[in-house]
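Please go over the structures that come below.
In what follows, subunit A forms one complex with subunit B and a second complex with subunit C.
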Partner chain A sequence: MKRTVDVSVPLGPIHPCFKEPARVKCETKGEYVLSAEVELGYMKKGIERIMRGRPWQEVMFLAERVCGICSVIHNMVFIEALEQISAISVPERAALLRVIANELDRMQSHILANFSYCYTIEHETLGMYLLDVRERVMDELERITGARVTCAYIVPGGVRFDIRSQDVLHLRANLAAIEGEVTRYMRMFESGPLIGLRSKGVGILTREAALEAYAVGPTARASGMPDIDRRLRHPTYKTLGFTPVSRTEGDNYARIMVRFQEVLESIAIIRRCLDLLPVGPIRGGGIPGIGEIAYSGEAPRGELSYYIKTDAAGRVVDISIQTPSIMNIEACCHYMLKGVPSLADVSSTFVSADPCIACTER
Partner chain B sequence: MTGFLYEKDLSAMKYVILTSTRHDRMVREIAAELDIPQIKLRKWMLDHFDMMLLENLPARYAQGKIARESETPVEKDLGAGLYTRAIPLLNWSEMERIKGEVYTLIREGKTENEAVMEGRNMIRDVIQ
Partner chain C sequence: MNVLQSVKNLVRSKSIHVAYVDVGSCNGCDIEVLACLSPRYDIEQYGIYVHNNPREADILLVIGAYTPGWEEKLHTLWEKIPDPKVAIAVGNCPISGCLFNRPHSLIDPPVSKHIPISAEVPGCPPRPTEILTAVLSVAPIVFKDYEVSKR
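Take a look at the complex of A and B:
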């Protein structure tokens, strides 16, 4: 006779589908997941503690080392917070170059997240296509900033390097190619019957649950919350006439589709920046001084907040970083995974929230 | 192996989470509002909340404070949504019972302030 048993199934901390170590503990009734818990602590860096007492010139480099996937936005939010503290203005050309670097970073992060999802649902072919197109984005990021990951491109009062005219041509050509490829892969994802079976109606996060857990970024936007995008409040983005992507299904499929659509939207934003790029300086100067601020920006995974307190010499006296993955992983384990009909969907639902353990553990 | 495996005792890691700048500020605010010793509140949170919920408490608290503004005056003063949905110190049925008793006290002639203070005592009793 077939018997249904209640068991506690641990996934991880080392799992082939997870990019970083995390333990997902599922309480199950047969295949049905009753509840889930995520345990961390396998890669705690203590980076906030390392930052305290150090001058901003050192903390700037530490900030972008919080996360290797979205390092540009950590750099941007930290520097913009310092600029707000000390009323440092940024030349228009530099502000637009910051947006270009940030959107390229968002594109590669979203493409990597979608690769991870495709890999998890065992659609490796589409996953590998996505990794290939991600390399094009990384090449553009390297061409502009000089590095693929920890670029340290944004400095108080501007950016480190200007974009050359031949780089603009190269970027435009590559954006056209990336747009074509991403559109094609998005259609493959949309129309794949097996992808639909593994993704549609799985891991649903309702709007109410997203609000309760304060989910952010594409995870929240896939549950019908477009106004959660912090870029809507950023002075440079405001001038670019940008509309956030949103969907209402709240399932794995919606989260992946939002990321695909956001890649296309990032391409449009970069093109607009290139069209508007004025001739002028890229660094206005300015030295961070004493002050205290809580400042937020829109990372690829959602709202990234820095609380910074500095002294007169520009040393960071206190700092606290709230990364978007904290909110999204919590929303994932307490809402999305609860009631998942099959254990096979746990890893794919977890990955669909684009969890960054490095950010969460910081 | 003589000691515990890491996964069997997460309290040290949970405590690290709960002593960050944002968490510390949140614990101080809640402890002051409910008149509970901070150390007791921290211990309660360590015992009852899992790791991810602990990490996410400051964001939930900020969101809960915004949502609190749209509640009725008694619910707002009691923190009906804040201490059930955002920071789950109590479950919904316990809060409903406390709210019911507060409304009864108001009907019996106590001022809203006095009734809310009684309600907070009841919340404190549930937590402690």
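Take a look at the complex of A and C:
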């Protein structure tokens, strides 16, 4: 069938709204977007090729640098996969500390994603408020793990540092402040009339389309799929008893609101962890050995899977990583962007899916 | 020094436009550059504006270890920036390739092979204050009396 295409508009790779290089090519009729495709390949470093044949002590740091925004979960999934291979047990205190670090990381990632969206729809005030809250979360992450971004906190058999009693007090006080502020900004986002005009009903991903595109993470949960959360199958999270957030609208507004609600959910999880935190060791010890496993966890953007094969000396013989962003980028280009009313909504819809190009291409 | 030059010096010290380009990093440095925008570090109080538009930029922050996708593109980008211009390498990746510089990787560091780099901020990733310090210390050296020193 012959299609009438007025203009083919490329966005990127350098674009004021994109944090990372990606090229979105849109075929438009007037301002109405008929179809879109994404062109990747600006960030391919070949991390999996470097990882093969190296000892796990080195691969651990490489795994963390697959993605700088969600570095804790890459560290956690890789180490937990090694622990599953070699049957290393983790002390309870360490397991809860891992959850605390992971949830703080999820909070900062979600707040950053919401900042990017607010910045893209030119609501800079709300964006700056959110960045200010994010610095509080980064402070807590730094106080517990020792670094802001790449902290290498989780090691086989436990975690690197213990949490001190004054840190717990500080964390609780800061969590209360963050909760108050995030709730306030969430209400501002909910009730803002101009935000509603730019967000509601734009870039709709229906439940059927989300299933078809294998969307994961907050993008899928905003389309009414709460069971997609891998945390429901994690042994430590099971004891904490949380319920995943989900909405049914499937538009930009729903995706941002799901992230806001998940930040509040993460605060509740951290509080429960602090209540349950037992006195005890933080490292049990153990040496990774020979084995093969496919293991997945819930990153801030969705399901993250590692396939690892190790030899008797603990060297990684074979590894392959599947990151969540590639699913969401495909869902975004083939379903959300189709039928977006204007070109100004292309960048905001693309950002609302929270694409992370660095971990997509590795 | 003539009057025009002193006016230029005054104006340039209060309006530095920054663009950033990611040529293959892990994203950690990108979010630290974004954190510079936050009210805590507040990059705009020093008269630095982050627009990410190369055609109006004075300073280019280069992040990442130069992947093959950027061949020719980075040089084209550098030529689009009007004079006077400066490139600052942020993080270990553009300086040495950091831990990606191993056998079988696809990267081609350092970035200074491809475009002239004036300052380097080491760290994996550097703190936002360090990025801010680098921008603030390079800017007066390059932009003050640019027309006089060019002659």
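In this text, the second predicted complex is superposed on the first by the 357 of 362 C-alpha atoms of A that agree within 3 Å, B and C clash if a C-alpha of one lies under 4 Å from a C-alpha of the other, contacts with A are read in each partner's own complex, and residues count from 1 in each chain.
Everything that follows uses one rule, which is that contacts are C-beta pairs under 8 Å (C-beta built on N, C-alpha and C of every residue); 3 or more make two chains touch, one makes a residue touch a chain.
All of these numbers come straight from a predicted model, not from anything done at the bench.
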Applying the document's definition of touch, where does A:Ser8 land relative to subunit B and subunit C: first, second, both, or neither?
neither
Mind working out whether A:Gly41 is in touch with subunit B, subunit C, both or neither, as first, second, both or neither?
both
I'd like to know which partner A:Glu20 touches here: subunit B for first, subunit C for second, both or neither.
second
Please work out whether A:Glu135 is in contact with subunit B alone, subunit C alone, both, or neither, and reply first, second, both or neither.
second
Partner chain in contact with A:Gln322 - subunit B first, subunit C second, else both or neither:
first
Touch test for A:Ile50: subunit B only (first), subunit C only (second), both, or neither?
second
Of subunit B and subunit C, which one touches more of subunit A's residues?
C
Quick one: is A:Glu330 in contact with subunit B, with subunit C, with both, or with neither? Answer first, second, both or neither.
first
When the two structures are overlaid on chain A, which partner does A:Thr125 contact: first (subunit B), second (subunit C), both, or neither?
neither
Need the overlap of the two footprints on subunit A, from subunit B and from subunit C, as residue ranges.
41, 44
Subunit C-touching residues of subunit A, taken from the complex the two chains share
13-16, 19-21, 41-47, 49-50, 52, 58, 61-62, 65-69, 71, 112, 115, 128, 131-132, 134-135, 138, 148-150, 356-359
Of all residues in subunit A, those that touch subunit B in their complex
23, 37-41, 44, 48, 211-214, 307, 318-320, 322, 326-327, 329-330, 333-334, 360
Using the touch definition from the top, list the residues of subunit C that touch subunit A in their complex.
19, 21-32, 34-35, 37-40, 51-54, 64-65, 67-70, 73, 77, 98-100, 102-107, 124-125, 127
Could you list, by residue number, the parts of subunit B that touch subunit A in their complex?
6-7, 10, 13, 16, 20-22, 50-53, 55-56, 58-60, 62-63, 67, 85-86
